Structures are given as C-alpha cells and as structure tokens.
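Before any comments, here is the structure.
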Amino acid sequence: MSSNRQAATTNPWRAPILFAILAALFVMEGTMRNAMFSGSWNTALGILNMGLISAITALGVNMQWGYAGLFNVGVVGFLALGGVAPVLIATQPVEGAWNAGGSRVLIALAVGLGTLALAVQAWKRLRAGRGLAVLVILIAGFVIYRWLFDPAVSAIEANNPARHGNIGGLGLPVLLSWAVGGAFAAAAAWAVGKVALGLRSDYLAIATLGIGEIIVAVLKNEDWLARGVKNVTSIPRPVPYEIELQGNPEFVSFAQRWGFSAAEASGIWVKLCYMSLFLVVLLAIILLAELALKSPWGRMMRAIRDNETAAEAMGKDVTARHLQVFILGSAVIGIAGAMMITQDGLMAPVGYNPLRYTFLIWVMVIVGGSGNNWGAVLGAVLIWFLWIKAEVWGPALIGVLTAPLPEGGLKDHLLDSAAHMRFIAMGLVLLLVLRFAPRGLVPEK
Amino acid sequence: MDILNALVAFLNFVFIPAAAYGAQLALGALGVTLIYGILRFSNFAHGDTMAFGTAVTILVTWALQAAGISLGPLPTALLALPLGIAGTAAMVLLTDRAVYRFYRVQKAAPIILVMASVGVMFLMNGLTRLLIGVDEQRFADGARFVINVRDFREMTGLQEGLALKTTQALTVIVAVIVVWALFWFLNRTKSGKAMRAYSDNEDLALLSGIDPEKVVRLTWIIAASLATIAGVLYGLDKAFKPFNYFQILLPIFAAAIVGGLGNPLGAIAGGFVVAFSEVAITYPWLKVAGYLFPGWEPGGLLQLLGTEYKFAVSFVILIVVLLFKPTGLFRGKSV
Amino acid sequence: MSDAEKAFGKRGNRDASVVNPRPAGTVDGSRRSGPVGPGREGDPFLIGEGMSGGYGRGPDILHDCTIAVEKGQIAVIVGPNGAGKSTAMKAIFGMLDLRKGSVRLDGRDITALNPQDRVKAGMGFVPQVNNIFPSMSCEENLEMGAFIRDDDIADTMAQVYDLFPILKEKRRQAAGELSGGQRQQLAVGRALMTRPSLLMLDEPTAGVSPIVMDELFDRIIAIARGGLPILMVEQNAKQAMAIADKAYVLVQGANAHTGSGKELMNNDEVRRTFLGG
C-alpha cells in the first residue's frame, strides 16, 4: 500500500522556504491591519515569543519522541514544574515564612523521600516478610511526614495570607531559575522514568499522564509553595520594565525617531529583549542536541530506536538510555516552563490545561516532523501562530458562513461559540498532516 | 449502635459514592479496553467522546423537557439516551471511516492511530464546545433521592443519616444491565464471539470468514454506546462540564490498565478498584472513627489525602499494580 | 512500509499503555475478490498451474510452479528450507500476488478470489503458526471455524470430536492452555468445521514431539480416507512421502521432481540431494 506521497529525499530548500513563509506571516501580522492581521508589532512579537517557548518545549518532546520513541503525555506537568523555579528562586523572600516553618517543611519532605527510599531498599534487601516491613515503613513514614508537614504548612500559609502565605523566593537572579526549572523537571522525570521504564513493557504514557495531573494539582492546592490558585505576581524580570523605558527621555526620543509612540515602543523593546534571550536558549539547545545526536551517544540512541532488540542483543542497556533521554527532554521542557513564567511575570496554575500544554505541543512536533529539531521549531512557531490567529479567524469564518442564515438563536449560538473553532482547526491540521505528510513539514533526514 | 452508625456513615460517604463512581469508570474503561483489544491502540479521544455523547443527550433532554415529556421520578435524560447513543455512534463511525480506516488498511503501526486519536480528540472537544459551550450544565430532573437523610433517620432511629440519590441508584442499575448485556453479547452471540476471535488472531478470524470491517464497526458502536452511557451517568451524578470529561481520562485509563488492558472483566474490576481507593483515601475518616472508638480524639480529620489529589490515587494504584503485576490484575489479552 | 510507518519508524511501539503489543494481521482483508471463471477440461480437483509471484512488490519466489491434488488423495509439498513450500501453498490460498498462472478448484477458476472467498469456495486452510484463538475455548474455536455457515453445525462438531476425542474432553478449556499437539488438532478441527472440499495443511507437525507427530499423521490419513482431498506442506519428507499419493519436490520455487510418494522415495537423485541417502 506504499504510496510515495513524500519523496524519500526532500528538497534541501524546503526548510528555508517554510521558515521564510513563517517569517512573512509574522511580518504581515506586524504591518498589515485588516480582518486577518492586527498590524501591531506588539502582538506579532508577543505571539513569536510564546512561539519560541513552545518551540523549546517541542524540542524537549522531540528529544524523547524523535530520538527514543518515548510517548510523553505529561508535558504540562514538567512545564508547570519548571515554572515553579522562578517563584522559588527569583521572587523576594517572604518575611517570617522561613521562621514559620520553612525548615520543618524541608525536613518533612526529606522524611517523605527517605521513607520511599527506605521502603525500596527494604523491598530489595529483605526476603521473608518484606511486604509487611514495607507496609510498616510506609505507614510510619507517612504519619511522621504528616505530623511534621501539616503544622508547618498551616504556619506558612497563615503568614500574611492576603499578600503572601507562601514560602517565598530566594531573591536570586531570575535567569538562574531557568536552569533550576530544568533541574526540577529532570528530577521528576527521573522518578517517573525509573518506575515506568523499568517494567517489562513501558507504561510511560499513562505514567506521564498521571504525573502531569498530579504536578498541576499540587501547584493548584499547595498554597505554601506558590500560593496555589491565588497566583504569584510580580516575578522579577531579566529585562527592563515598560514604565522605566517610558520614563527614560533617551528611549522616548529614540522611539520617536523610528515613528513609534513611547508606549508602543517600550512594549516592542521589552519583547525584543525577551526574544533575544529565548533565541539564545533555543539555539543553544538545538546546537547541543545536534552535537549530541552526531556523537557516539546519539548514534547509539538512534540504533536503539530503530532496532531495540538488536541493540539489546549487542549489550546496550536500552532502559538506561531511555531514562537518560527522558530526563534530558524533560529538563528542556522544564527550562521552557521557567521561561514562560518569567515572561508572564505571573504564576497562575489554573492556566495549565493539558490540551494546550501537552497535546498542542504534540501537534507541533508531528506537524513539524518527528525527529527533526528544526522541524519541531517550525511546527511549534507555526502552530502557535495558527492557534492564536484561529481565535480571530474562526469567528470571521463563521461570520461569512452564517451570513445567509436568518437572524436567530442558531446564528447567535454559532457566532458565540466561534472561538472554539481553534480546537477543530488544530484537530484538522494534525489529521491532515498525519494523513498526507506523516513525516511532517520538515522530515527527519 | 455506634457500630451501626459507623457502618451507615461508611455506606453514606464511602461505599455509595464509590460504587456509583466505580460503575461510571468501569463503563468508560470497558470502552477503552475494547478499542485497545480490537483496534490495538489507546483511544485518547475517549473522554471527549463521552463529553460529546453527553452533550448530544443533554440537548435532546432539553428538547424533551421543552415538549413537556418526562419520565416522572426518573431523569428525562434516560429517554434521551438512545438518541445520544445514536448520534455518538454515527459520529464515531464517521471518524473511523474518515481517519482510522486509512491506517488500518495500510496496517500502520498502532502508535499512528494513537496520534490520530489525539487529532480526533481536538475535533471532538471543539465540536462539544460548539454544541453546548464550556460551562457547567445540570440536567438531572425527576426525584432527587431514593432515600434521604431525614427519612432514613426516622426509619432507623440512628444518629447517622444515609442518603441514596436517584442518580446513584440509577448509575449502578444501568451499569449492571449494560455490563450483563455486553458480556452476554461477547460470550453468547456469533457477532460477539467474532469480536473476541478478531482480537485474538486477526488473520485467522479473516480466514474463518469474519469480516474485519464489520468487527471494527461493531466495536466502535459498542464503545460509543458505553462512552455515552458512562458520560450521561457521570453527568447526572455530578454535573456536565466538558473539561471534567477530559480529566476523567486518567482514572479511566488507570482502571483499564489496572484490570489488564484488553480484558473487559479487568476493566470493570479496575474501575471499582480505582474508585474505591480514590474515595477511601480522600475521605476524612474522623466521623467513622468517632463512632468506632468513642473518646479518641486524633486531632485531625484522618484524611490521607485531600480530595483535590484524587488523581494521585489512580496514579499510585496504577504504579503499585504494575510493579507487582505488570499485565494487570486480570491478564490483558482477550477482548 | 507505508509513509506513516516510515515517519514513525519503531517509535512508541514499546509503550504498552498506548499500544497493544499483539501483532497486526498480515492478510489484507480489504482486497476484493474478482470474478470466478470456468475451469478446464480434464483438470484435477485442485490445480495451481504455472504459478509465478512473490509477496507484495518483492521479487518472485515461485517460478512457474505447478501443484495439483486429485479427488480423495493426499498430495504433499516437500523440499529443502527456503524452497518456497509454504509460499506455494499460500499462493494456492490467495495470500500471494500471482503474476502468472492460475488456481482452479473443482471446475472453477478461482485465481481472482481473496482468501476469505476461497474458504467459502471450499478450501480449508490450517496455517503453520497462530492457527487457533488462544483465549477462546476449544468449542468456541470450532464455532468460529464454522462462522460462514448458517446451518446447524452440531453434526460437524460431533465428527470433529470423534476424530479428535481430546478436544471434546477439553472443549471448555481455553485453547491457549492446550499442548502443542492438541493445538494442532484443534487447528485442523477448526478448518474442518466449514465442511471444506479440500484441506490444506501448512507443516502441521512443526514443533511437536515424534510420538505426537505419528498420531497427527494417523489422523490426517483418517481424514483422507473419509474422502477429503488433502494438500500438505511437510518438513519431515520421508514420512510425508510415505503417506502421499502424490509428492512435489520444490527447489528454489520451481518444481524439481513430481511423482507418487513411492516413486520419489526410490528416485536416486531425490534420495541423494534431499533425503540424505
């Protein structure tokens, strides 16, 4: 049934042309004001910046999926976990929070982890009655943990709850938190991967789905950590504030020379600063990923992916390699999560919707081209652009389609719900790419 | 007396809610496990199929209510259910024809079907939003309780009350009937056996004259029916909110895997295991303990985990079962 | 390999939570049958004549190969490993794209039929492996064998149970729990349930112990004595030829020697090159 819809050797100009088209879309968004585009550089750059963050997330997923064939459906969790880092690292310390129960929380968490470690060791070392021993360890550990944890949390949350009620940050530079975000996600990935990849056959997908939900639930409910649904605001920025720029006469005159108002120019300037930072991270990750892929380690990864049985027979530890790449990919997702929170300046856990932060990322990876880093970037920025613009284009389309309908309930209903067209659009894009260009826009070489 | 009170509290707060929730999960997991057995992939669109089916049923219910038709003490939605099932089955068959069949004919790797199901998930999600929006909808009408707390207290003279909601009783009854019908179908009818045969050995089924396309169509129709019934029961019991139906995918998958993917009996067991653990672990046992051990003041709610972490429970159950029984409680192999 | 396969390669195939590890079927169930033509004057009951072809777009495995079975006889296909024995049988059963040649059964040209329709036309086929439904009971396996029949199957089932008493004993047991020999009996029984006019066995004795093998051969002879023509591929050439009315020795997908079992056993060249002395 093979039909060569996509030639085996793709045109070398394919990727550059597609990137040029993408750039043209952004230029049109920035310059043309009509029904389709906003004509605002602020909007265009805003979309681009979020697109770049999505691209980094997609790179992480692409490492796991493209290099090792691991199906991660908990992207939202790793992204959210990365987002905790700016809150804990970069925000100012909360007065009294540490004294209220900071160290007790740390001890409680250590006891919790220690209990798990002890239980695992007991299970491995003991022979007779190990089930009972493990049970006793777990119950005792849990009781001690709750005894330590609950009062500490109450104390922290009682500390100035209107403004804080959380443990607060360390007041360190926010850029540092990006690396820490990666480390957080990597640690979670290690725990999940250790369990889910070590079984006879992988159960990674369901395990990641679960851990994703759990991490988001923790963020929503553990007020002491990041204020839960009360949100943490005013996370420090690595770039200047618009207000500062607008108050700077030099900047104002610079903006006027280019024909922009100070308000508009300051927004653009800030977004350009973010864009440069994001681009540096993105390019660094791509560079490292490509170098890794060309190294002996990368060759081994591909060998394992293409023929696991043969690789195993040659003495490669497939599970260990999978764990490595799963951790690396998750770390990249965590970095993206920290970057996202830094850009927003706001930690709002209710926003972590798996459809948006897990499955949309998957659409990006598949549309871009599994296994190809540039493809993932292209797919991510393009899909993000469409996702945002579909909110505008959907109602416009529905408006045209329903024009002949008589005025009434149905027409109003359709017009009201037109914003939901983006979900249908994304589904269609994914299905069409899967059907007619399964190797993606920029196929793997 | 105190032991009776404790028992009633347990029944009221743990057993009855968990039984109803377990029945809903079991029906959902049965759909997932059937698709996994026959079409060889985990259908990520199952939660949204449930939402879609429920949305259609709600629309029909509203139409019936507007026309003044009701079922007396039972929810009108039951009357609307057949139409909801028909609509969902039609929708699902359409996606099979337009999406999945192409890959099946190609004998594509099942992971591609998983990807395609993500696309279908987006589509279904969008359609449900178009149909009914994202807000919470309550559509249970008729009598609210079979037994309410005050009547129960007066009847028994116990201090602790027990309430049995109509929707809970209905959920369990409908689930029992549906599961019985499904098993009768799978084990006693020619078409049902053909489904099991296909899931056992596709080639041999084909060579025995079983039409694979018919088996697949039947599977989709059954899965759509199960999804709609599960969705409507869940919506009646709690409320309909599309996003909750997406989130319920995790406990449903967990139930199907805990029971052994591909095994219907396992899906049912898995549904109840997950539901009972979830409710038992997130229930504050203080009240029950108070009756059982008078005078003991534990100084807490005796709640192992907050209800907001109920998803964590399905996850932990899943991990524990997989660690000790990698193929699930019932070996996952047959449909 | 399809485009989609190429795109995803072997990715994701390890994750049992999303992908069922059961292998997909290999028979293309979507292929439609072509028309049935008339047979030829003086044909044997079954003949695959001048067959050339291979799997999909791959190279030809069969080269002008001819296999025939007369009514009431046992025909065996033997040959060294990789000679295309099973391929020849699959070609007769329609699981292979024939470039040249035709298959005719009982006075009809069935070359254009797909395997399912060949079963309906009277062929009973027992694959070499995966020839039972492991999670279903023995009785259900037999019922599935009779899937295309709408009449009462009780008599046929009783006949199968007479032929293989062990199956009656284990009729409620899951087929997957049977021993190797019992499985093969069940597989043959399943194929008999359609009341075929021809039985095709692909290495029925592969992987069973010598004692079980003898028993299986006995049963096969018993079936043939009942008047059902049998075409069989066999590894154990000596034993197969001993019971064969007609034997075909294939070498590299082509007929090397043809004759009655006895003739070939006495043929020096066959003995030297193939039977080992």
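Just so it is clear, A, B and C label the chains in written order, and each chain counts residues from 1 on its own.
Throughout what follows, contacts are C-beta pairs under 8 Å (C-beta built on N, C-alpha and C of every residue); 3 or more make two chains touch, one makes a residue touch a chain.
Please read these numbers as outputs of a predicted model, since none were measured by experiment.
> Measuring centre to centre with C-alpha atoms, which chain is farthest from chain A?
Greatest centre separation from chain A goes to chain C.
> With respect to inter-chain C-beta contacts, which pair, A-C or B-C, contains the greater number?
Spelling it out, more C-beta pairs touch across B-C than across the other pair.
> Mind having a look at which chain is the central one, using mean CA positions?
That would be B.
> For chain A and chain B, let me know how many angstrom lie between their CA-based centres, rounded off.
30
> From the mean C-alpha coordinate of chain A to that of chain C, what's the distance rounded to whole Å?
54
> Would you kindly tell me how far, in whole Å, the mean C-alpha position of chain C lies from that of chain B?
44
> Please output the residue numbers of chain C that touch at least 2 other chains, ranges allowed.
2, 4, 8, 10-13, 15-18
> So which stretches of chain A touch two or more other chains?
1, 71, 201, 203, 205-207, 434, 438
> Multi-chain contacts only, two chains or more: what residues does chain B have there?
42, 105-107, 111-112, 114-115, 253, 257
> What does chain C use to touch chain A in their complex?
The contact residues of chain C facing chain A are 1-4, 6-18, 21, 57.
> Touching chain C in the complex: which residues of chain B?
Residues of chain B touching chain C: 36-37, 40-42, 103, 105-112, 114-115, 190, 193-194, 196-197, 199-213, 253, 257, 261-262, 333-334.
> Which residues of chain B touch chain A once you look at their complex with the stated criterion?
Within the complex, chain B contacts chain A at residues 42, 44, 99, 102, 105-107, 111-112, 114-116, 118-127, 129-130, 133-134, 243, 246-247, 249-250, 253-254, 257, 300, 304, 306, 308-309, 311-312, 314-315, 318-319, 322-323, 326.
> Please give the residue numbers of chain A that touch chain B in the complex, ascending.
Residue list for chain A touching chain B: 1, 71, 73, 142, 146, 150, 195-196, 199-201, 203, 205-207, 209-211, 213-214, 217-218, 220-221, 353-355, 359, 362-363, 366, 414, 416-417, 420-428, 430-431, 434-435, 438.
> Mind listing the chain C positions that touch chain B in their complex?
2, 4-5, 8, 10-13, 15-20, 22, 24-30, 115-116, 119-120, 125, 127, 130-136, 140, 143-145, 147-148, 190, 194
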